[in-house]
Each structure stands twice: as C-alpha cells, then as structure tokens.
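Next, two complexes with chain A in common: one pairs it with chain B, the other with chain C.
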Partner chain A sequence: MENLLQSVNFLFFLFLLIAMVATQLFINGIIAGAIYALMASSFSLIYNIVKFMDLSPGALFVVSAFSAYVFNVLFGLNFFLSLILALIIVSVVTIGINKFVYKPLRNKNANNFILLLASFGVFLFITGFILLIFGAEVKTFGLPIIKGYEIFGAIITKTQIILIVTSLVLFLFLQLFMKTTRLGKAMRALADDRQVASALGIKVEKTIAVTFIISALLAGIAGILVALEQNLEHAMGFSVVLKGLTASIVGGIGNVPAALVGGFLIGIIENIGIWFLPSGYKDAIAFVILILFLLFRPRGLFGTKTREEVSG
Partner chain B sequence: MAKNITQWIVGIIILVIVIIGAVLIFTPKAEVTKETVKIGAVLPLSGGAGFLGQSAQKALILAKEQLGDTKYNFEVIFEDDKLSPKETSTAANKLIGVDGVDVIISETSGSGNVVTPLAESSKIIHFGIASDINVAKGKYNFIHWTPPEEENKVFIKELQRRGIKKVAILGVNQQGERVVVDDFKKRIEGTNIEITSDQLFNFGEKDFKTIILKAKQTEPEIYLLLASSPELEIIVKQIKEIGIEEPLTSIESFEFTEQPEIFEGYWYINAADPSEEYVNAYKQKYGDNPFLGSGNVYDIFNIIVTAYETAGKDKKGKPTMEEVISELENMKEFRGALGQLKMLDEGVVWSGAVVKKVRDGKFVTIS
Partner chain C sequence: MALEAYVIHLLILVGIYIILAISLNLAMGFTGLLNIGHVAFYGIGAYTSALLALNLGVPFWLGLLVGGLIAALFGLLLAIPTLKLKGDYFAIATLGFAVIIENIFRNWISLTGGPLGLPGIPKPSLFGFTFSGFSYLILVAFFVFLTYIIIKHITDAPFGRVLKAIREDELATSSLGKNIVKYKTQSLGISAFFAGIAGSLYAHYITFIDPSSFTILESILIISMIIVGGLASMKGAVAGAIILVLLPEPLRFLPLPSFAIGALRQMIYAALLVILLIKRPQGIFGEFSLKKES
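For the complex of A and B:
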C-alpha cells in the first residue's frame, strides 16, 4: 500500500513537472510567436492588397526600434511619446518608400519579382543607413531586470505579456478596421480586383498608401517591443524578415488572420523543437516547416486554392 | 654687367651647396634607410565586442609610441572584422594581398582559425589571441593566451574549494568556447563534479528562454556562461527574469561585456591579469582601464619587435620570415605586460589563470 502511495505521489509530481515545463514551453513559443505574427501580418497585408512580397517592413522594424531609442534614451522623452514619434517616423518613411520606389515601378508595370528586388534593395539601404548612423554596437533601453510573474508554474515578464496582448489586440483592431470602416472595405475591394475597385470610385493609390502605413505600424510596434524585450542593433531585421515570411507562408500568404496563426505556430513548434534538439537547430526547425508546407501545402494552412488547383 | 652675372652665378651655386648641405646634415639618415615591418591587426573594432577590439587597438598604439630607437620602422594597419569570421577573411586577405603585411594579429579563436591557414599559405607570421590550440597550427602561427587547460585547472580547483558539484553550461557554438568545454569535460573525469546540462546556441540568438529552462530542470548548483556581448547580456537578463537564483560563473566571459554590474558578486576564471605598470601606462594615456586581451596584444607587438630586431641585428635589410620565426622559437622567456611569459614549443606564449570576482561593478582578482 505504501509503495502504491509512493508511486502515485511520484507520478503526480512527474505530471506536475511535465505540466509546468509544457506550460513554460508553450508560453515561450507564444512570446516568440507574437513577434512573428506581427511581422507576418505586416507582410501579408501588403501581399493581399498590393500583390507583392514587400521586405521593407523588416527595415521599418529596425527604424522604429532605433527611433524610439533615440527619443526615449538619448533625448529622455516619455516612453509613450517616443513610441508615437517612432511610429510617425516609420509612417513617413513608408510613404516615402511607396512614393519614390514602388509607385514609379508600378506605373511602369514592373512585375512582382522586380518589386521584390526593389524592396530587398530598400531593406538593405535602410539597414545600412542605420549602421552608418548608429554603428554596429548593440543598444538597450536599459530597463531594470525584474523577475517575471508565475502563471501555472511558468514565468512570464511584464514586457512579454505586453508583447502578446499587443499582438492580439492589434490583430483584432485590424480585423475590425478591415470589416467595418470604409477604408478597410476599400482595401478588401482592392485585394479582390484592382480594376473593379477603381471603376467603383475607390482611390487606388490612397488606399495602397494606407495599406503601407498600417503594415509599417505593425512592423514598427513589433520592432519597439523586441527592442524592449531583447536589445537593438542594425541587423535585427534580418531574422524577423525570415521568420515573418515563413509564418505568413505557413498560415496562408495574403491572409492576415492566417499569418497570425502561422506566427504563433512557428514560435511554438520552434520552442518545443529545441527542447528535444540543440537550440542551434531553431532556425532549421522553422525552415523545415516552411519546406514541408511549400512541398505539400503551398497555399498554407488557411490559404485559398489557386485557379490551377481548383480546375485540377 | 658680366661681373654682376658672375656674382649672381657664384651666389646661386653657394646657396644650392648650402641647401644641399643642410638637407644632408639635418635629414636623419636612419629614417631614410629604415625598412618597415608591417603589422596587420584584425580586431573587432565595432559590434557587440567592439570595446575589446578598441582596447586592443589602443594597446598597439601605446606599444608603438613606447618603442625606443629601433632598426626597423614598425607600422600597424587596423582592420575591423566585427567578430564575424566572414569579415575576418575579407580583412585578412586585404592585409595580406593589398597592404603586404609581414605579421597579422587576430583576436578570438573564431577569427584566429580563419587567419591561420591564410598566414600559413602566405608565409607570414600570425599571432592569435585565442584559446583554441589549432590557431597555432603550422610553422607561421602563434598564440598568446592562457591555455584552456590552465583555466580549467584553476576552475575545477575553485569549484571543489566551494563544494560545487553540479554545473550547467550555457555556451555559444564557437571554437574558443567549445575548446574550453571539451577540456573541462576531460578534466572532471574522476572528480565529483558533473555537467548536468550543456546547452549550445548560435551567434545572434536572442531568445534563450527554452534552453535556460532545459538547464534549470537539471537542478545545477551553478551556471557556467560561455558567451560574449550581446548574447551574454540577454542570457543573463532572461536567467534573472525566469527567477533562477543559483550563482553564475564564467571562464573569461564576464569580461566580454561593458556591463559588469549584471554579474555583481559572482566569481569567475580569467586569463592572466596585466601588470600594474601596463595598466597605469594605459590609464595615463587613455583615462580608462584596459579590457581583456589588451595586455596580450601589447606583448605580441613587443615580441614581434624583439624578434625582428634580434634577427636583423647584423643584416643590411629586413630579416627573412624564417629568421624571425627562428628568433621567436628561440625566445624561451619574455617579460611583458602579462608578467614573465613562457614560450612553449607549440607556438604558445603561456600565461597563468586567475580567479576573479565582480565587486562594485569592477573586476577584482581574488586569487
């Protein structure tokens, strides 16, 4: 009897331990996923409406983080004021990119590949510019290190909670915006058929500009949150571009809610994966998922079938 | 009229003679005939470890300024590799191919391993500040660093003295760090010390939460961190956020950051300390303390100077590379910024390890 009780006790503690580890792993995945989800939403939004894979959100992610750093740490401004100023800056930058790079290319009927290459050029130019101004040294907001809150045996910090909540709130806000506002409806119309939308009186260029601004704001907020959670350096955009694109493809390219799911999924699988494998395989795990999706389900989890797939 | 012209010609001739004479007298002959030994330094001058490279750069400038009358002119050319092996390769190739350096100095095992084959094939001397013995492979390659076996001996002794038996390792996947870990694993065989977890991560990683959790599950008594800035600061932040209260320690890594205060109160093992004389000279010139590796670079410069000057003592021009190497091999001892140095046969300039502690945000040697 005593042995049985001891065994039950042992199994109970083992179960508790596994549950605690699993909860922490899940939370770690959600934290990473929240960043990927924001970036994936940013990429997917542009792809959905402007129909090309724009890499510039990766650069705006960096611009936003550095702008907030300059206003908050160097100029000593209030954090929320710094955040607003940083988001204004990324909005202005993205308007500039659209006006001086993408719009002239669209007017010349440049194909998606040319636009992708141009966006890659924009990404490298802006990242290089940040390197020139701020150097390669790593910067931090210098927030105090505080032990996180305990939730079901797992630990999560205030910044990480803000990161997850922000990601979800922004997603809901975006869905609401797209479905209830005139501008949102115009964006959806444009995503369906540009020519019909234009014939219906929708101002195409203005709607595209708003799309770029919303996409930039998503990337910008992600940049500031990552800078707060980790640190900031000129090359911080490379990794999120790769993961954001992977998440948007896994979710279903061009579908914003799917991008969010893709982001969280990648984050969780990565973190569970490195529990069993060395952490050096983290990126490899994400790319294996990407390759599997490209091979067996190229439209992603929630993507719609292409005309070719429908007609068989 | 003719007399005037003659006077003018004589005057001009005298003036020319005076000018030529003055030039010959006042031009230091030695300067004109001095041959130049070019030393290329591939250092992380920017990026997360930029402060280490900048400190090494300052050390080289100081060493050059302190140089007395020498037979050769020693020129130092700096290249920034941002601690990235890809950049190291570009920088080293530029120094060898474009600048035509005679000697290359590299910092860290990662960079050293890139320069070693290049130096060997180009037949130029390479001095690495590296833990990995492979950096000293071949005829032309040398190391000036405290070997990992020496650091591990002191580390194990300190663990035993403190009664610590369970160690979890969180380290970057880099040659220098792996050499230290491999040697540590070998040396704890037969002792009561065990490695409960050995977690590797790549350069550029920023999310350590899951590997910290993996290490935490093994209930270590101490966490051994083997990383550099910026990964080091992030990993410490995430360790503290997760609520780990066990002490942290390192072999050298604590000095790879500009924020020593995050390690307040923790002890660690470090390569040999530079002498007070060197630290004072450095402080006097730059107003701040030298960082890790700075004294080694200073010594390397002086070792190279000594080897060149000795090898070329009775020669008209510059000594051959073989003659300089022969001098380096014969130099059994050297008094430098890191004290009395031993020159080992494997091309290693040996120095001892010390136990240090972070006290009031400063690195203090305790034994």
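For the complex of A and C:
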C-alpha cells in the first residue's frame, strides 16, 4: 500500500515536472514566435508588394539593434530617444538599399532570383560592416536582471511580456494601416497588379519606398526587442530572417495576417522540438518544416496562392 | 621558401574552388537550377572522406570517390522534394538544405566532433609517397583537369543541350518528350558529386575540418564566382574562382585583427556580387543572364 502511494506520488511529481517544462517551452515558443511574426510580416510585405524574397530585413534587424545600443549604452541617451533614432537610421538605410540596389535591378527587369541574390549581398555587406566596427564579441544592454513572473510553474520576464505585447500591437496597427489608409490601400493594389495600380494613378515607386520603410521598421523593432531580451551579435540577423521567411511561407505567402500564425507556429514547434533534440538544431527544425510545407502544402496554411505559382 | 609555400597554398585553394565553381555551373548556369545549397555537398564530401580515413583507415583515393558518391546521393535526395518548385522557392529550399546539413555537422558531436571539428585527417599517399605542398598542388590540378574535361564533355553532348533547353524553356522541352525531372535530377547529382570531390580534396589538404568552413557564406562565394565569370561558361567559372580567391588576399598583409580581415573579405565579396548583378549580370564570359521570366 505504501509502495503504491509512493509510486503515485512519484508519478504525480513527474507529471508536474513535465507540465512545468512543457509550459516553459511553450512560453519560450511564444516569445520566439512573437519575433518571427514581426520578421515574417516584414518579409511578406516586400514579397507581396515588391515581389521578391528580400533578406535585407535580417540586416536591418542587426543595424537597428546596434544603433539603439550605441545611442543608449555608449552615448547614454534616453531609451525611447535611442529607439526613435535607431528606427530613423534603419529607414534611411532601407531607402538607400532600395535606391542604389533594388531599383536599378527592377529597372533592368532582373528576375526574382537576381533580387534574392542581391539582397543576400546587401545582407552580407551590412553584417560585415557591423562586424568590422563592433568586433565579434557579444554586447548587451546590461538591463538589471529582475525576477520574472510565474505562470503555471513557467517563468516569464517583464521584457518578454513587453516583447509579446509590442509584437501583437504592431501587427494590429499594420492590419489597420493596410485596410484603412490611402497608402495601405495603394500597397494592396500594387500587390494585386502593379500595372493596373499604376494606370489608376498610384505612384508605384513611392509606394514601394513606403513598403520598404514599413518593413524595415518592423524588422528594426524586432531587432531592438531581441537585443533587450537577449544580447547583440553581428550574426544575429541571419537565423531570424530565415525564420521570418519560413513563417510567412508556412502561414501562407500572399496573406500578411497568416504571418502571425506562421511565426508563433514556428516558434512553438522549434522550442518543443529542442525537448527531443540538442538546441543547436533549432534552425534545422524550422527548415524541415519549410521543406515539408513546400512539398505538401506549398500555399501554406492560409495562403491564397495556388500550387502553380509556387511550383511549376 | 615561405613565399613559395604561400603561392602553392593559394593555387591549391584556387584549384578546389575551380572544381566547386565548375560543378555549380553545371546545375545553375547550364540547367538553370538556382541552387544556394552547393556548399552542403562540399561539406558532405569533406566529412565523409575525413570520417572514413579517421575511423576506418580508408585510403584517400577510395574516400574521395565515396565522398563524391555520398554527396551525389544527397543531391538526388534533395532533388526529390525540390525540383518541382519554382525559381526562388527552389533557391530557398536549397538554402534550407544547406542550413540543415551545417546544423548536423555542428550538433552531431559524437560523429563530427561538433564545433571542434575533426583534426588529424591524413594526407593522401600512394606507394609510400605522401602528397603535400607542391605534389598536392599537382594532385589538385589533376582533379581540376578531370572535372573540367568531364563537365565540358557533358555540356557539349546532347545531354548538355537538353539541359540548356530546359533552362531556356521548360515547357517546350517537355513537349518534345524530354523527361525534365530526370534531366534536372541527373544534373544536380553530377554537380553534387564533383562538389563532394572538392570537399575531400579540401579535407585531406588542410587535414582539419570544422563546420565553419561549410556555412552558407561559402555558397554565396561560389555563386559569386560563376556570376563573375558568367553563367554557363566553363572559362568563366575558372576565371571567377581565380579572381575571387585572390582578390581579398592583399588584406592579409594589413595590420588588422583577424575578425576585421574576415569582415572586410565578406564586404568585398558582397559588394562585388551586388555591383556585378547591377552592372553586368552576364559576367565576363557569360552567354546568358537571368532575365525576368515573362
């Protein structure tokens, strides 16, 4: 009898432990997912409107984080001022990239692989520059470590809550912007058909520039959030832009709201996945999901594109 | 003497990259497969051959062949899920493949040594003669020559003309009764085979490999080589490899810390790639450029 009681007790504790670990992994997945969702919307805005896979948001993510670090930590400026300055820098950089790289390529009728490759070049150039200036060692904002809140045995910090809420609020704003404002409508018209939009008097190049800025702001805010929550490294942008890309394909390309679902899904799956695999496999998990989706459901969960547009 | 060793070292690297560039050119330039994951085949060849030599004492010559074959096998495996995908989706799937393979090199510690890599890979030997320095250069030159001849032969043959036809107009080619998927698969398999050979040559030359030699950055470097030289040009791939290996070498003599030299190298490659894509996408000897599919 006593034995039975003991084993029941043991099983109960085991169950509790598993539940706690699972909750923690789930929460970690939500936190990662919030970032991926931001990166996915950044990526899919450009993919839908300018029609190519752009990796430069990964670089802007890093530029933004390092700019905020310079203003806030090195120059001692107020955090919100640093944030705004960093976002201004990111906007200027993205306008520069569009003007000197993407626009000339568009004018030459470059196909979307050339644009993808060029964006890879831009990404490598900018991250190389950051490495040159700041070196390879990891930087941190040096926020005081505060004890997190406990939810069902899992820990979540204030920064992480801010991160999730910011991501959701930005997402909501983006939806409102796309649905209600003139510019947002122009962007959607461009996404549907560039020639018709142009014939209707929509300024194509201006709208594209705005698209790049909004995309850069999303990536920039994501970069600062990650820098606050973890730390800064010149190489931090690559994995995150790939997750954003994966999330937007899994959610369904051609459908910006789906990027949110895709982002959280990738975040949760990879964090549950490292329960079974070493954490170094996180990127691999995301890509296995991507390849599975491309194989079996190329239009993603909620995508509007038909199979023919993805595979030929 | 030190200068001589340095020149030999550079030439060996040039040779290995020529094999990589020519082999990628078969898939990308001639067949139009936008493969960003070529580095994965290079890494698979290197790890296969190194592991065979270290764990089973397999001689270099057999390891090289098996390395190439295993890489080719992965090429065929990659072809199954990806070949139906369109341009940029195929590119992203191959990028994903390379990241997955690099993740495995880094994390399957019991097999690959993880981030610490595999040290002490033996240099090749034949009848008691060990290849190193100048004799290794001759060995690499031999494989460069072999690769060049074989791929030149393949692309000049009717098989190669079908590949080019697929690149130019897939629909028309398939309406002529050609099995597009079969041709593309074979092209990717052969391309992967030679990348595997290059990997084996690299592993047994440096005698140490770790995952950092097989990151996606290497893929971009190889792609840049064939874009510099010109897609679908044999001469171009050779020229591109020579130019891109030698171009950042002067940096080595600057009094800078190694991370800064690495950063500058990366920036030079990236800037060169972007400028070429804008100014001269057909490269030096290119016969076609990647225009918009209409």
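What we mean here is this: the second predicted complex is superposed on the first by the 277 of 312 C-alpha atoms of A that agree within 3 Å, B and C clash if a C-alpha of one lies under 4 Å from a C-alpha of the other, contacts with A are read in each partner's own complex, and residues count from 1 in each chain.
In this section, contacts are C-beta pairs under 8 Å (C-beta built on N, C-alpha and C of every residue); 3 or more make two chains touch, one makes a residue touch a chain.
Since the model is a prediction, treat every value here as computed from it, not as a measurement.
For chain A, which side has the bigger count of touched residues, chain B or chain C?
Counted on chain A, the partner with more touching residues turns out to be C.
Does the superposition put A:Ala136 against chain B (first), chain C (second), both, or neither?
Both: A:Ala136 reaches chain B and chain C.
Applying the touch criterion given at the start, work out whether A:Gly280 contacts chain B, chain C, both or neither, answering first, second, both or neither.
In the superposed model, A:Gly280 contacts both chain B and chain C.
Who does A:Asn271 touch here: chain B (first), chain C (second), both, or neither?
first
For A:Leu290 in the superposed arrangement: first (chain B), second (chain C), both or neither?
second
Does chain B (first) or chain C (second) touch A:Leu105, or do both, or does neither?
Only chain C; A:Leu105 stays clear of chain B.
Applying the touch criterion given at the start, work out whether A:Ile155 contacts chain B, chain C, both or neither, answering first, second, both or neither.
A:Ile155: touches chain B, not chain C.
Now for A:Gly121: first (chain B), second (chain C), both, or neither, which partner does it touch?
In the superposition, A:Gly121 contacts chain C only.
Who does A:Asn28 touch here: chain B (first), chain C (second), both, or neither?
In the superposed model, A:Asn28 contacts chain B only, not chain C.
Touching A:Lys147, do we find chain B (first), chain C (second), both, or neither?
In the superposition, A:Lys147 contacts chain B only.
State which residues of chain A lie in both footprints, the one left by chain B and the one left by chain C.
Residues common to the chain A contacts of chain C and of chain B are 135-136, 278, 280, 283, listed in rising order.
Across the complex, what residues on chain C touch chain A?
My answer: residues 34, 36, 81-82, 84-89, 91-93, 95-97, 99-100, 103-104, 106-107, 170, 216-217, 220, 223, 227, 257, 259-260, 262-267, 269-271, 273-274, 277-278, 281, 290-293.
Could you please specify the touching residues of chain A with respect to chain C in the complex?
The contact residues of chain A facing chain C are 52-53, 101, 104-105, 108-114, 116-118, 120-125, 127-129, 131-132, 135-136, 238, 242, 245-246, 249, 277-278, 280-281, 283-284, 287-288, 290-291, 294-295, 298, 309-312.
Taking the touch rule as given, give the residues of chain B at its contact with chain A in the complex, in rising order.
Per the stated touch rule, the residues are 46-48, 50, 82, 173, 199-202, 204-211, 213-214, 217, 229-230, 233-234, 236-237, 240-243, 262.
In their shared complex, at which residues does chain A touch chain B?
Residue positions touching the partner: 17, 21, 24-25, 28, 31-32, 135-138, 140, 145-148, 150, 155, 157, 230-231, 233, 235, 239, 271, 274-275, 278-280, 282-283.
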